[in-house]
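Structures given as structure tokens follow.
Paired with chain B in one complex and with chain C in the other, chain A is shared by the two complexes that follow.
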Partner chain A sequence: MTRTLAKALFILFVVIPSFLGLSYALGVSFGLIGLGNGAPSFTLSHWEVMFSEGRLMKSIGYTILLAASAIAGAALIALGLLSPLLKRMPGNTLPWFYFVPLGIPPIVAAFFTFSALANTGLLSRIAVKLGMIPDASSFPILINDELGIGVWLTHVMLAFPFFLILFLSSAKTQEVHRLRETASSLGASSAYILRKVIRPIVIRKNAPLLIIWFIFVLGTYEIPLLLGGQKIRPVALVIIDKMRGYSLATIPEGYAMSAFYAVFIMALSFLLVKLISRRYDA
Partner chain B sequence: MRQLTTTFLTCCILILWGCGSSSSNEEENTLVDSGPQTWEQTLQQAKGTTVQMMMWQGDPFINAYMEDYVIPTVQNQFGVSIEISSGQGTQIVSTLMSEQQARVAESAVDLVWINGETFFQLRQIDALYGPFTDDLPNSDFINWDSPFISQDFQQPTDGYECPWGNVQYCLIYNSEHVTSPPKTLDELEDWVKQHPGKFTFSSDFTGMTLLKSMLINMAGSKTALDGPFDEAKYNELSSHLWEYLNRIKPYFWREGKTFPSSVAPMHQLFSNGELWFTMSNNDGEVENKVLQGVLPSSSRAYVLEGGTIQNSHYLGVVKKAKHKAGAQVLINFLISPEAQLRKADPAVWGDGTVLELTRLPAQYQEEIKRLNNREFAPTRASIEPFALKEPDPEYMIRLNADFRKYVIEK
Partner chain C sequence: MMRKYTPWMLMLFFLAPILLITLLAFSGSWVYPSILPSFDSDRWMEFLGSSSLGIKPFLISTVLAVLVSLLSASIGFFTSYLLTGKARNWLLWLCLIPFCTAPVILAANFQYFFILLHLSASTVGVIIAQLFIGVPYTFLLFSTYWNEEQLTMDTAAKTLGATPFTRLLRVHFPAAKSLFTIAVIQLFLFSWFEYGMTQYIGVGQLKTLTVEVFKYTQEGNTTVAALASLLLILPPFIAILVIRKVRIAHA
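Up next, the complex of A and B:
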């Protein structure tokens, strides 16, 4: 009974609204739902424009690369911190300051990064004062850069404390500190323990959550809006450009992009979950 | 999987059914549109209503003008309440478009602050009420003879929007570093090459306004882009523009590899000394930005010799507005000499008036003239000869798309 109710609620509040949104996007992109006063009529032109421009594909590739590298970076930092933390406090919880980044909204984190890493930002000024660089303009470009370094750093900063908490929690439940001690007493090095004992346990255990965070980063908007470059941008920004540009004619293209991206992400998530489940089963 | 497919197909059918054609509500709206006949009736009908206004809320001075002055004054004088929600340009268009698709009888928005392409788009989807400006008593003070007021991006306003303010694009430079600012495109090219990294423009509306000014400058005539969009003319002029920009791009801020997303970060870069130039669509903005402490007191505004775009911003009543009378009363107040004078004060907003000075009572004429004594910006009279009309909205649409294609992504 409870299971049926939960399923019904999930369908009502998650599946139906998502599918309604997707159906609407598809309807507009195929011209079946007219914008303005134009009479609706089926067309593939918006999809043709979307694919012929090539901008979306580049953007999807960039977004996936950004999200995957940010997750990898954050997971590596969290793993790196995990071993010494387990050594020092196997039974205790994390100090409070590890939780601070979790309470910072993405847009605020982006502003922090901007203030710290801009050419005239805090780090640049300190570097000038210390005589490390002759003037602020010599500071490396980390904001609004083509590679999206500022965007990447901000995502890593937001993700790694969360990953650390997750890893620490699973390490405790799996009694990793005992395994670590055993391996250590048998003469294994710290790097070996991290690679062969800790990593397999915590990463596998938390893989679904890492994927969820990855999907969350795929939808990033505010951070690249403030810190990203203009040449290649994450998908969300490209879609918003199309939907909120100066021309009404590009709105259906925006809907085509959003429908395509939604289906693409669903398929990607499905594949990733399947892959991980297979590895678990193996 | 089968369940999901069924749910998805049901959703598709629901959406198509929900967005299908119906005429019942359209009939109701024709009744709503039958507005009052006299201004007295409008005032009576407006009393006690709450006008929902959607406007850009990105400037603390503008917000304070509305919150501290307009809202209480209109409430006290006319018994009309105002609720402001944030939204601009395409957000307004999207909101009204969604309402049209949902066939709502009454819009959630009564009044919108718009101009240019937004007006063009709202007219395209028939979302504006009008003509109504002739019904406003204070419209007698408006300088309707000015093409910068009676036409919005080359389109006659036809009474479907009422001018609220008038501004001219200007470049702002730091006089501590720049003693003689470049006034022509050739001079700008030389200056940018001699001072690498100190000039750029934003990739938003303001930056596009500079590109429009440049396009007209390149055409060599102030009226070159008058009239409907001309594809051949655009292709020829824009190719020169992209060539020009790509030639000097390596000397822009960040070597032109990126452009600030809006003028707000440009102002910040200018204040920090990273840039020696910033810009504004409002010739008076430098005055209030210096007063706010956002820009340094060494900031000075000027316009190019070949001219810069001058345009007006407007107020429109939504076709399906619930409180059309209240909206009109509010607009009438906003274009009153009293409200326009206050708005023109740089310490309040610094927005140019749309009223014709000679039509105003003497006291207001003197007051507005007094406000023209600017410290950091040139006077309105001195830059008006260099004013260029906004070209057809299609120029903006194409420039925006092609700038990305031929400059940013190149």
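Up next, the complex of A and C:
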């Protein structure tokens, strides 16, 4: 009885939302579900448009690049800070301010980037006061720029404190400082120690969490909505734009793209489960 | 030399958002190129006093986050009992899908059914939509709980004649209490921080703090956006100050 109820709730809250949503998206994208007054008829045209229209494919490529580079940037900064911080950390506790960034939502982080890096933001004002630039217009464009530098910086800012805590925790638990001492007394160079001792412990061990964070950035929405440019936009924005468009013709393209994204996420999640369960069994 | 100051620079970097937002929240105007904004306390009173701004979105966000966190933690814990079975990896995979999909896209895909069921643009609709992420999340969190030890305990209680429901309530819930608390806190933050899904399903009708922050930032209304942001980050910030120090390793 309890198991049946648990199964029913699982299906209701977990299985139905993703699969019903995906089926609907697939149905609309293949023309099997008609929109407005349109009669349903099977078509591949929306998928063809999606793959042939450069904008959509560009957006997918850009999103993957954005996520990968943001995670790599954040992980590199955290890794670089690891040694100096470990040396100054006698116990196993971290002071409160390390956790402050974890309490900042993406939307507030985006607002902060906006207030700090916009043409009339804090950095631009400081630069003017210091005489580095004459006025606001000379400040480099970092917000709503075409490359999405502001978006990238905000994601790095959000991810790096989390990675730092994660890496510090792994390094402390595995007593990295002792391993480092042993390796160095055996004659290993610091580059070798970083590659053969620190990297396996802090990066490989935390790989599932890094992948989850990568997937989160793939779905980024509010940050590029506020800070991104108009030319290249991340997947979530393009999908929502197409779906909310006034033209009935572009809506199925939005659904095709969303189905494509959903299947991609499913495959990535599958990889993640494999990775986690291997760790769990070990 | 640089290394000595690393922790201090980090502290400054980590606190910078809160410092700037607090400064802006108490300011009347921020004329270029002055670095510090001018102070104006009336603005703050105006914001808190007005019913459409300030306190109302704060209350909506609070109620929403409390309901979503308690409901998803309870349902997630109850359903995670299924992990005692054989289909472990499949169940984990099914839960990772909604957890990994961008909330706004998840919402866009099932919005049609929400419209059919008259759940669109309603508070109940937004709560249900957030449960679609909260429940799988709790399920995933509890995947580490159902280990060999708990399964043995379960069998022992079963042999002594406890029904599955009694086992869950009297054996597993007390043992899982700390994990349950973690789930509630994280889900509270998830709901408290959520924007895309709330905006899509709520169709702008449900004005939570995140929806307001977005609106004011886009309008270029920096000081009001800062006020709403401050209300948004204050509860987690106070919680961190209360906890003070966190143990991160077990040596």
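Following the convention adopted for this analysis, the second predicted complex is superposed on the first by the 234 of 282 C-alpha atoms of A that agree within 3 Å, B and C clash if a C-alpha of one lies under 4 Å from a C-alpha of the other, contacts with A are read in each partner's own complex, and residues count from 1 in each chain.
Criterion: a residue touches a chain if its C-beta (ideal position, glycine included) is under 8 Å from a C-beta of that chain, and two chains touch if they have at least 3 such contacts.
Here the structure is a predicted model, which means the values were calculated and not measured.
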Contacts of A:136 with chain B and chain C, given as first, second, both or neither: both
Touched partner set for A:15, first chain B, second chain C, both or neither: both
Which superposed partner A:47 touches (first chain B, second chain C, both, neither): neither
Residue contacts on chain A - larger count, chain B or chain C: C
Partner chain in contact with A:243 - chain B first, chain C second, else both or neither: both
Touching partner for A:24 - first (chain B), second (chain C), both, neither: both
First (chain B), second (chain C), both or neither touched by A:145: first
Common interface positions of chain A, toward chain B and toward chain C: 15, 20, 22, 24, 120, 136, 225-226, 243
Touching residues (chain side chain B, partner chain A) in the complex: 4, 7-8, 11-12, 14-16, 19, 89-91, 93-94, 97, 100-101, 117, 121, 124-126, 197, 203, 254, 257-261, 269, 272-274, 393, 396-397, 400-401, 404, 408-409
Chain B-facing residues of chain A, complex: 11, 15-16, 19-20, 22-24, 26-27, 32-37, 40, 118-120, 136-137, 141, 144-146, 225-226, 229-231, 243-248
Contact footprint of chain A on chain C as seen in their complex: 2-3, 6-7, 10-11, 14-18, 20-21, 24, 32-35, 75, 78-79, 81-82, 85, 88-89, 91-98, 100-106, 108-110, 112-113, 131-132, 135-136, 139, 163-165, 168, 189, 192-193, 195-196, 200, 210, 213-214, 217-218, 222, 225-226, 229, 232-233, 236-237, 239-241, 243-251
Residues of chain A touching chain C in the complex: 1-3, 5-7, 9-10, 13-15, 17-18, 20-22, 24-25, 81, 84-85, 87-88, 92-112, 114-116, 120, 122, 124-126, 128-129, 135-136, 161, 165, 168-169, 172-173, 175, 212, 215-216, 218-222, 225-226, 235-236, 239-240, 243, 254-255, 258, 261-262, 265-266, 268-270, 272-273, 276-277
